[in-house]
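I have placed the structure first, in the form of structure tokens, so that the comments after it can refer back to it.
Labels run A, B, C and D following the written order; every chain starts at residue 1.
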Amino acid sequence: MFNFAFSSLHHFLIMDGHGIYVWPVYLVSILLISIGFQVTIRKLKALSKKIKDA
Amino acid sequence: MITSFIHRFSSPKSFVEVTARFFSYVMYLGLFLLATGWIWGLAFAPEDAIQGNSYRIIFLHVPASIFAQLIYFFMAVCALMHLVWRVKLAAYLIKSSAPVGALITFIALFSGSIWGIPTWGTWWQWDARITSTLILFIMYLGIITLHSSFSNAEKADRLMSILVVVGVVNIPIIKKSVDWWSTLHQPASITISEAPSIDLSMLYPLLISISGMGLTLIALGILISKLYIITREKTKKWVQNYV
Amino acid sequence: MINLLTHEAFKLRHRLRAWLGPLLIMVLVLIAFPLSIDVSQYDLNKFYFSIIVVSLLVISFLATESIFSEDYEDGSLEQIYLEEKDFYKVVLTKISIYIFFIGIPMSLIGSLFSFANGVAADETPKIFVILTFSTLILFNIFSFGSALSINKGAMLGVLVSLPLALPVIVLLGRAIRTVQYGEGFIEVLSLLAGVGLILAAVMPIIISATLKTHLE
Amino acid sequence: MQLITASNLGYSINENRLFHNLTFSLETGCGLHIKGGNGSGKSTLIRILLGLTSPSKGEVVFFKPNLNISYLGHKNAIKQYLTPLQNLELIFAPSELDDAMTWMQTFGLTKVQDEMTATLSFGQQKKLALIRVLGKSSDLIVLDEPFVGLDDLSRDLVSQFLCSRLADGTSLVLTSHIDPGIPCVELILSEQSND
């Protein structure tokens, strides 16, 4: 169950030509979710600062 | 009695305080599970006999699709609580879940259509589940736009709850009506009643990714609702003490 | 109630733009469509329906856009609330009047044009009945949308009511196919009628709650 | 005899407090003049009394069930695309129409009664809208800035009429920046700090 499914790292990235579909999907999703976290945290900090100053 | 019970445990203040206590656990556990599930799925799960390696999108697509719907049902429960018992926190939670729902629905649509290129040879099909997911996405956008177009936030809360409740009735109707078209999708891979049609070495990483995705989204939801609650109640004393 | 009906009818009759406008646009679309394609290449009667269905969707939206906002903006809605204490009757009346003045003529235009484009004479009434029940559903849905987005513009109205209207379009397309193939017409028609009547009874309750919230 | 009592009324919008702890009562045949600066919540208070808006705190009690209220707010509630006459026909039952027509005459609107309301001047439209309140009998008259745009003559006419209605036992709630010349209890809404 825990055998590396590809013969080499190169194959892992290419995935028999399916890599160009698989990798962008994961990267874009990770990017979107982390932007979600980032933006919220930044806004939260700005807001806390504003309330403290007021 | 129910009303007083709900009101005692649903003050925005206690929500923010309680969730802050286990926020970091939820987030780190979620990210850890998500990473485990994805690495397992991407690198160690065996190749699919029919679809080849492109099936590996499943570890992202299926969790995203599941939570695209679950978040809406969560919002509908909150909307009922808001309309029936006038629970303020419920409205705050709807408003903060909507962007999370829109985000994950977009990811579900996006990953699905990319996955469609190698498997179906097309990135878009007017198939039942894709169409209903697209409609779900429009519904999320509608809820967000509706709330932000009113200056009186309490009015906006009430109208948004009405829309969410009407929308949740609509979901099964959409499903049934678009099912009338011929459908491209494989039947759902995991069902509770039947034995799963998927190999265990693929099922485990899938289940891990689903739980990881769930916890990560809950963490994001907690964060957004904290931001929103503080924005809404910034004139209250507890907020000024809290920050 | 009769008083309310005559009043609403009177008001709509004096707003030419609100009731004649949508009908004219419908006619225009149905004339423009065959002109915009090469008629000799396509079998028009096969997919002329789809343009009828789509124009029904769009025109229903246009027609109901100002159904409540007109009364809301000039303050009549407050006065109505003070007199009635409840909007159910008013909403029911308004939607009925709109269906009578705009919806039914619209269905008539749609079935006439489908007759002109190759539907047999004895099947045209079937098309009319289907279109009428569809307008019943669509008007209720879009009235809800315009009640939610009262004076906030069409973009919001489209976003909130389109998800509700799309299943109706699927159903309507299905119903028209049964006319073309001559099978299962009664089943689909009863489904349409059932959905329409349920919506016509339930939607006004939801719309009244929405309008009440707007007045606050 | 008491008609309305309001106890501890408070209203806030988006957590900003407009007013709080308002307690007052209105008796039959009495007037209440709500005063306050711009944005102090006069119109909101009126809408709470009408039952349109629910207060954030406190409650309003009506001692007479099915209170017959006539109201005119900022919005005139007349149809621009109809003539004044058609507007009145929409508002009044046929039996009440004579009273309304007398007011048309008093206000000098008879000569424009068949023109489109949209072409009437601001003051004329206001007068037309006021007829809704003046021509009907009711237990309570609620007016939000009724004198805006009226000439002196019409203002006196309206004030006199309201005085006579007060004497008949009708109650009155109004807001106005101009002294209405009507015997009223004053209720002053002052700007409050958020604490």
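Structure notes:
Just so it is clear, a contact is a pair of C-beta atoms (placed from the backbone, for glycine too) under 8 Å apart; a residue touches a chain by one contact, two chains touch by 3 or more.
According to UniProt, the chain labels map to these proteins: B = Heme exporter protein C; C = Heme transporter CcmB; D = ABC transporter domain-containing protein.
All figures in this text were calculated on a predicted structure; none of them were measured in a lab.
When you average the Cα atoms of each chain and compare centres, the chain farthest from subunit B turns out to be D. Distance from the subunit A centre to the subunit B centre is 17 Å, each centre being the mean of its Cα atoms. We define each chain's centre as the mean of its Cα atoms; on that basis subunit B and subunit D are separated by 49 Å. Note on chain placement: the centre of subunit A and the centre of subunit C lie 45 Å apart, centres being C-alpha means. Mean C-alpha positions place subunit A and subunit D at a centre distance of 60 Å.
Subunit C has residues 216 in contact with two or more other chains. Here, these are the chain pairs in contact: A-B, B-C, B-D, C-D. On subunit B, the positions that touch subunit C within their shared complex are 131, 135-136, 138-139, 141-143, 145-146, 149-150, 152, 154-155, 158-159, 162-163, 166-167, 170, 173-174, 176-178, 180-181. Touching subunit D in their complex are the following residues of subunit C: 7, 10-11, 14-15, 73-76, 78-79, 81-82, 215-216.
Per the touch definition, subunit D reaches subunit B in the complex via residues 13-16, 194.
Subunit B meets subunit A in the complex at residues 38, 42-47, 52-54, 56-57, 60-61, 64, 99-100, 103, 106-107, 110-111, 114-115, 117-118, 200-201, 204, 216, 220, 223-224, 226-227, 230-231, 234, 239-240, 243. Taken together, the subunit B residues at the contact with subunit D in this complex read 151-154, 232-236.
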